[in-house]
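Once you scroll down, you'll see the structures, which are given as structure tokens.
Shared between the two complexes below is chain A, which pairs with chain B and chain C, respectively.
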Partner chain A sequence: MSESQHGALKLRVKSIEAVTPEINRYTFCPADDSWLPPFSGGSHLTVLIPSEEGTKRNAYSLMSSPYDTSQYQIAVRRVDDGKGGSLAMHNNVREGDVLLAGIPANLFPVSKHARHHVFIAGGVGITPVFAQVEELSLKGSPFELHLAVRGPDHAALGCELKERFGDQVTLYGHDGQSRLNTMEILAGRPLGTHAYICGPTRMIDDVVTSAHSLGWSDANIHFERFEDLGSTGDPFSVTLARSGAVIEVSPEQSLLEAVEEAGHKLPYLCRGGACGECETEVLELDGTIDHRDDWLSESDRATCKLIMPCVSRATCTKLVINA
Partner chain B sequence: MTTAPETTAFKTNETYTPEGDYQFRNSAEGVRRLPFPFPDDDYMYSMNLEPHVPAGDGALRAAFDIDEHYVSECAHRDQMLRDMPGVHYLALPHMMEAQWDLLELIFESYARDFPEQFTLTKNGNEWRWQNRLLGIDDSFTFGDPATLPMDPMEYATRQAQGEFVVLEEKDNTLVIGAGMTTQRADYSLKFNLGMSFFEFHGPVPKLHDMGILDRALKFLLRMKPGHPVRRVNWSLTVNPRLETSVETLPEWAPDRATVDSENAGEKVYLRIELQPLHRLPRSNAIVFPVRTYLVSLAELVQHAPNWAKRIHRALASLDHELVDYKGFHRYHAAAVEWLSQYDDGAPLATGYPWAPDGIQPNGQ
Partner chain C sequence: MLITGIKSRPVYDELTPMASGLNHLAAAQGSGGKPLVRLLQAMTPDQLAATDVLYSTESFTGQNYLAELQQFKVRNLAVFTTNADAVRGLDASLADAKMGTRLYLSGSEGFIGTSMQVATSYGMNRDEVLREQAGSSARRVWCAHCGHYSENVTHRVFTCPGCELNLIVRDHYSGRLAAFQGVKADGEVPGEMPDNEELDT
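And now, the complex of A and B:
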């Protein structure tokens, strides 16, 4: 398997293809001619993107077949006023380049108990659906897809799916007229139907509201639950009280990783904010702590006297911890 | 200090049953490579989860450890499955994908970590599996159950040490979907199949109040493929009996009354459970393996005197609710008394044996 000791994959950019005026599709193959880890439909890939302002970590849904371990595909929409990751993908990444990425993880799996799967998607939200319907199709599970696009120029990905899956796919907006109506799609469904929403927040809210008004149970409504932040975020600096060392925590590393990189030690076990081992006292703070752990209680968090360095960060001008 | 697997002498004629007269012994090297589960003199539950990365050259060197008991344990599994069909191995129909995931994980790990014993050759989906310890050389099509003589999970775990419970992610919890549990410690797979995380942990005292279960579930749901974690757990058992299920309780529970402070060293076994959890890539399921190691108190005294002292202190100070839950209140005092002869009270290192400066089996 193409995997370094830190669980990072080395991917070679095999091809780049513009599928709409603002979306590029990237096909990656393993840089070392081995094979890639398998994944499940709905998984995302965190890609490390070199940019002028340092490395960006963006998560993109995998849209290739989960059963093809020779290549991965993602689609990237250019966001001109974003954090720069998608712009760097569009402007800097070329065919033949090698990029680092994490191992695929899934926060949006399809239900194994559904009798029928209904996907409602908008725009670039269609990407996870590619892998999900591929998986369902291979298993012989019934599904249908309703995809809204902004106009004919933006319909290429939808047309691909329409070509492959025929009547199971309905496009809206590609002709400049038809509109996706969530109430119509969700009404009168038998029990055992599961709905998946892949699109902007407004679409998710709209579909969930419609589903609730029609008596759907939350257990049958699925959408990507949260951004997979890990312990990355804005940079900050921390002072270790015992040695006086001042350590810069970069956007790509956790406080714990930064301290370790600087040659200091903190206790740790799970490195995932659950075990409590790395709990550290905060001695001084000018700013706020971004608690991301499952260990500290609400009252502990509110006092800002404790921090879990393995996942939590700070937005501050000064942070001194008892280490 | 520990033995590399290349030089391990695999025992073939051990037994884990009274009918077989419990012909089970650990070598000195076999004891000293154990994942000894007592980092401190006092024991209490904790979220002792850590990244499952190779550590040392003992039981934590490989992703899935095998040792000198591999051949006899596989024979025991076969015997248990024949004795009580439909009790020790179960898989719900929608778990087939997870079964293949697990087969791949076990076979890849064994072939990578023990290349002298196992070889996995892949040509697309046409796979060849060679297991030289059990004399198996099979070819099959990955993903096609018709090309194997039985379920993929049963096929793979019949050739693996330890038991395997596969948890399906559903409605933000984990549900037991399949299991190969010929070595289970006092529960029933048939009863637990389909239970959720909080349900199957129901009988464990203190866990709920301590909030450990909530945090553990959140942590497990965030687990990603390629980033396994491990924890160790332990219990005591009378005789080197691997199969101590609820179904056979009338056969083994009376053994608890046979222990006294004279024979505790030979009768009482520490049962160590090494649990390396993995997220499975295609099914998004989580496998919860329980690799069980048995070692008698006398073997600890003989081959790992520091560990014998440590277990004496941990047992002597153990919370009474845990003594009851783990099922040894009848012989707890006898075991502590027997061990006390071998504890001089000298200070011991803290930390698991595989951690830097952790407690070593012998020496300073």
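And now, the complex of A and C:
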């Protein structure tokens, strides 16, 4: 396996390809020419991106074949008013550079029991679907993909899939006219159909609402929010109980990022409030916690005894966490 | 723990209309007609009009609720004389069913279990199915030694018709096989048989 350093993979940038005006596709190979850990469709890779304001840790869906251990591919959409990670990828990273990345983790796997898979994606949300349909295609599982893009300039990735999978792929918006209609896509599906949504929040909400109105249960609806929900807000300070360190969390960074910047470590996986890995006990609190995760239950939120440092913040005069 | 108190022992629901469903499919056997009547009474006229009922008159205890079931204005009522035919009827119905369908099962554990095997094969999940046990607590038992399935087992110890070993019925239930596990009763000390109690719930 590719040489790891503190649990990170060393990846060499093999090629960079502009696939739309805003999206670059990066192909990585192991820096020591060995092999990379295999993954399952829907997995993401946390890439450590050097930037002027320190190291950014951005999670990107893997879009190469899960069965290819010689390379990884990700697509990065440039977000000009984001936290700087995607800009650094676009502006600073060059072919031949070596980047560190975590081991792939999957929070968006395909259902092993589904009889039919329906993917609904928007824009750069197509990236995890690349690996997911590759996996299903090799297993011979039936699937279809509905992809909405903003116009012909943004359709390159969709056209690649259309060429590979033919009628199983339907594009919308590439001609400037057609529109994706979630009710039409979901209506009258056979039992055991699973839907996967990867796109903007509006699209996810739209599909979930349509599916519910058609009597789908939540177990058959899967989604991943690729938009950086971020963790920006008012500054606050946090005390790490074990070391006694007091850390200031600035408006632009998350609690997790601030702790890491100060040289401390917290467990993490998705960095998006979904996986639960960074769940941390709150020992003292003088104020309120601004819970922004999808992990904690309503009752956990209400008691304010737990916090997810990767996305959640606090409005407080004192916060002590068990870390 | 070896015989009883095992976590795989099924826990059943109470049949009540699942309002999120657009279509409803209710299958029952024998005494399972009683929870089914209660379910249909709780339904709105719209829900009844979107409900298909399958009922098997085969019963271990001789209970028959067909006359009561015929009083409801459901979309369709199909009657079967054996449980196996009812399960085949369920299979045919689910083959055409769409997402948004809710399934209700009631009757013996064997009937519920074999019906669940069919529902699972169509990818239905536990959010879409309610199960209520009714009537006899007789069990369907799978012999760990010869693979024979015995229906309507009422006692803790019995002789397997497949291999003629004396089996003890464990509370270990397999959803995949829709049966409790039966293992050689005097496997530890040959000839030393456990108490042959009547099976409880």
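We take it that the second predicted complex is superposed on the first by the 222 of 323 C-alpha atoms of A that agree within 3 Å, B and C clash if a C-alpha of one lies under 4 Å from a C-alpha of the other, contacts with A are read in each partner's own complex, and residues count from 1 in each chain.
Here is the rule we go by: a residue touches a chain if its C-beta (ideal position, glycine included) is under 8 Å from a C-beta of that chain, and two chains touch if they have at least 3 such contacts.
This one's a predicted model, so the numbers in the text were calculated from it and none came from an experiment.
*Asks:* Given the touch rule stated above, what does A:G215 touch, chain B (first), chain C (second), both, or neither?
*Replies:* second
*Asks:* Looking at the overlay, what does A:F143 touch: chain B (first), chain C (second), both, or neither?
*Replies:* neither
*Asks:* Is A:H113 contacted by the first partner chain B, the second partner chain C, both or neither?
*Replies:* both
*Asks:* Classify the contacts of A:A274 with the two partner chains as first (chain B alone), second (chain C alone), both, or neither.
*Replies:* first
*Asks:* Is A:F223 in contact with chain B, with chain C, with both, or with neither (first, second, both, neither)?
*Replies:* Neither partner.
*Asks:* On the A-aligned overlay, A:G188 touches which partner chain: chain B = first, chain C = second, or both, or neither?
*Replies:* Touch status of A:G188: second partner only.
*Asks:* Name the contact category of A:P66: first (chain B only), second (chain C only), both, or neither.
*Replies:* Only chain B; A:P66 stays clear of chain C.
*Asks:* Shared contact residues on chain A for chain B and chain C?
*Replies:* The answer is residues 113, 219 of chain A.
*Asks:* List the residues on chain C that touch chain A in their complex, please.
*Replies:* 20-23, 94, 97-102, 120, 122-128
*Asks:* Considering the complex alone, what residue numbers of chain A touch chain B?
*Replies:* 3, 7, 37-40, 66-67, 102-106, 109, 111-113, 219, 269-277, 294-295
*Asks:* Which residues of chain A touch chain C in the complex?
*Replies:* Going by the criterion above, the answer is residues 113-115, 186, 188-194, 212, 214-220.
*Asks:* Per the contact definition, I'd like the list of chain B residues that touch chain A in the complex.
*Replies:* 46-51, 94, 168-171, 214-216, 218-219, 222, 224-227, 229, 279, 281-284
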